[in-house]
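All chains are identified by letter, namely A, B, C, D, E and F, in their written order; residue positions are counted from 1 within each chain.
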Amino acid sequence: MPTPEVPHDENSELYQRGMAELRTQLGTMADSYIQTIKSIAPEFAWVNVTFPFAELYTRDVVDLKTRELCTVAALTVQGFSLPELKIHIRAALRCGASRQEVVEIITQMIAYAGFPAATNALMTAKGVFDDLDQKAGGDAPEAG
Amino acid sequence: MPTPEVPHDENSELYQRGMAELRTQLGTMADSYIQTIKSIAPEFAWVNVTFPFAELYTRDVVDLKTRELCTVAALTVQGFSLPELKIHIRAALRCGASRQEVVEIITQMIAYAGFPAATNALMTAKGVFDDLDQKAGGDAPEAG
Amino acid sequence: MPTPEVPHDENSELYQRGMAELRTQLGTMADSYIQTIKSIAPEFAWVNVTFPFAELYTRDVVDLKTRELCTVAALTVQGFSLPELKIHIRAALRCGASRQEVVEIITQMIAYAGFPAATNALMTAKGVFDDLDQKAGGDAPEAG
Amino acid sequence: MPTPEVPHDENSELYQRGMAELRTQLGTMADSYIQTIKSIAPEFAWVNVTFPFAELYTRDVVDLKTRELCTVAALTVQGFSLPELKIHIRAALRCGASRQEVVEIITQMIAYAGFPAATNALMTAKGVFDDLDQKAGGDAPEAG
Amino acid sequence: MPTPEVPHDENSELYQRGMAELRTQLGTMADSYIQTIKSIAPEFAWVNVTFPFAELYTRDVVDLKTRELCTVAALTVQGFSLPELKIHIRAALRCGASRQEVVEIITQMIAYAGFPAATNALMTAKGVFDDLDQKAGGDAPEAG
Amino acid sequence: MPTPEVPHDENSELYQRGMAELRTQLGTMADSYIQTIKSIAPEFAWVNVTFPFAELYTRDVVDLKTRELCTVAALTVQGFSLPELKIHIRAALRCGASRQEVVEIITQMIAYAGFPAATNALMTAKGVFDDLDQKAGGDAPEAG
């Protein structure tokens, strides 16, 4: 069985739009994140850039801050997505959510997914906040 | 083993605050909803009113519309909570979300939970919208 | 590909022990339950009888009532197993648990899986209790 | 907030390829399935056609029958996706899997997701087989 | 948006009852556990103490040992709650369950959640037992 | 309560068949894997060997490579089973699947379980491939 061609054009408007959105959310780690995935699975990387980022997040029906808080809620409830939750807590802060708002949505999720899921999410948020404080020497602009 | 007393005071400020919040979200079905639960499990009903509704939803850190969209996201991802999703889609509309925003958040969840969970949530939303249209004769104020 | 032989001996001590245990838990519906599965998947039916029922439930390390309450807890948290939860709520009552104890464990699960999962389980329990009351004319010996 | 334009071109090669693949898997119900989704959520319908069907399923790295058996495994384990499982059991049969193979994969999932998830999937398979038998008068070409 | 006041009174009977119950279950780590949560999310800490511990676990309908075994079952099935499972395995031993009973309930969960969830829970139990043996020099009173 | 006897005969044809199958899938680590489980839970070890391996995997209805790809799909979707996924990715390669096929099935699962679950599975696959490359000095026979 031959290796399938991946004729996807990374110079296309679609791909570039997705990468731009990804950089808005993830900052400087966006490119290395996709590069890691691409090194093992080019198709996976392509749909990761073009589908959620180029296709979904660029629609202006809901603002980015609300989208990211909804994603924080979703990943908190899911329970097993702590690496992705970490990325999206940072993205929420970058898109204008305060730390207090992130913590509030995680706390709200106690009601929908119970304490274990919410506690693990809260500890993940604490890790993100501690990282930001350490890098910023205590006065990070993202501090809520 | 004796039946435990449930000395919880339904006239307390806490319980009344919870019921008021519940009525804000669920409308006229709030009381019968809690009554059904209370008939089989008084303790369950008490914590249902006082914990999420009196305690969590009345905090003003995040507005109610955002909270409800986050809950729609969470229940979409959870997959098995369609009866509760139905209630919270109605609550989201009641709290100012448009139908289009509800559909957009459900669509966003494709990326975090896949098509089966998102499709079931979309069909649940369709059921709510159809119900509202039928009752309103087509010009429901909640139509987005 | 030929139909695989299923040389499993339903007269074996193992299978008979499993069926006896299944009848202890499910009562008169045990045989038809297994028969339905066997009609489409003989291997599935064999492992269903021999593995959980002959192998696990007959060990005397934990008493049957505690085992059933643990299963009620597990299926409540799982969220999507309401048909099986219904069977095991009946089994818990049959093994000596009171209705109040079943409701209490479901209520406890609010803390571990949130309100949607626990509410669906509670409504399932209500359905079982209503069925029993209807059959018994109101004075079922299993009423807690 | 204005309704976002959906400038997606349903005459594009991408969309047409996705619809063709969808029809291969779902048969005559493919078009009405997408139409229902499109009536409430055009963006959802677009990504549903273009992403899994045009993008993923048309890659020849793994044959369609194996893909469908993997999807049956995934939806069995997921537990809450029985409507989608029903669709994919039919798709698996359409792509060359026998009934016996479908039942075998569901049985295998007992080991990874337990009896409740596997039993619900088995009953879903039984429903599909019964439907097919009824339509065919007993000699459906898909019967395994 | 101003920081919401948290007017909750930690000297109240409710809070003190919750902390007492928490110390019964978690021993000396109870206070630092809540303190960590409080440092980032005071509201989360308040509901964690007052709701499951003051409100639910102090009801005498089901004894603590049975409650803890049910929680072990629930967290085993949930799959992603291993940090919380570790805490509740210790709590189960503290409340009178033997190691053998804990292992038996985890083994029973193979039937409801499959081998991966049960194996991860078993390895978590092994970690707890090894910790206890190391601290006790081999003759821990909790050894079953 | 006395320690239950475990009269299971490890010299039986059933147990030996299971161990042989386990060694086919897991290679040299099969025996130590079961030994670890047996040291804490003999009953768990017995059903682990006899039920999925002796009973299910030895049936010739579906070939081993397809079975393993289905298990990769199932564990990807499950989200919390990464240690078991690692074992089954190795088993899939051992049973004739190429790396590319494993990656393809994981990519397909984006559609059924979303990006977080699929990304975690992909990173797990990357870890397995890196391990194999390191041991092989770059020319592992399993490289796809």
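List of remarks:
Convention: contacts are C-beta pairs under 8 Å (C-beta built on N, C-alpha and C of every residue); 3 or more make two chains touch, one makes a residue touch a chain.
Treat the numbers as computed from the prediction; the structure is a model and nothing was measured.
By the document's definition of touch, common neighbours of subunit A and subunit F comprise B, C, D, E.
The set of chains in contact with subunit B as well as subunit D comprises A, C, E, F.
Interface comparison, C-E versus B-E: the higher count of C-beta contacts falls to C-E.
Taking each chain's centre as the mean of its C-alpha atoms, the one that lies farthest from the centre of subunit C is A. Between subunit A and subunit D, two chains of identical sequence, the interface residue sets overlap for the most part, with shared numbers making up over half of the total.
When every chain is reduced to the mean of its CA atoms, the largest separation from subunit E belongs to D. If each chain is reduced to the centroid of its CA atoms, subunit D and subunit E end up 41 Å from each other. Per-chain Cα centroids separate subunit A from subunit B by 26 Å. For subunit A, residues that reach two or more other chains under the stated contact definition are 1, 43, 47, 51-52, 56, 59, 61, 75, 78-81, 84, 100, 104, 107, 109-113, 115-117. Interface of subunit A with subunit F (complex): residues 1, 3, 36-37, 40-41, 43-44, 47-48, 52, 75, 78-81, 83-84.
For subunit D in complex with subunit E, the touching residues are 109-117. For subunit E in complex with subunit B, the touching residues are 1, 4, 43, 47, 51, 55-56, 59-61. Against subunit A, in their complex, subunit B makes its touches with residues 51-52, 56-57, 59, 61-62, 66-67, 69-78, 81, 84, 100-101, 104-105, 107-113.
For subunit E in complex with subunit F, the touching residues are 79-80, 98, 100, 103-104, 106-107, 110, 115-120, 122, 125-126, 129.
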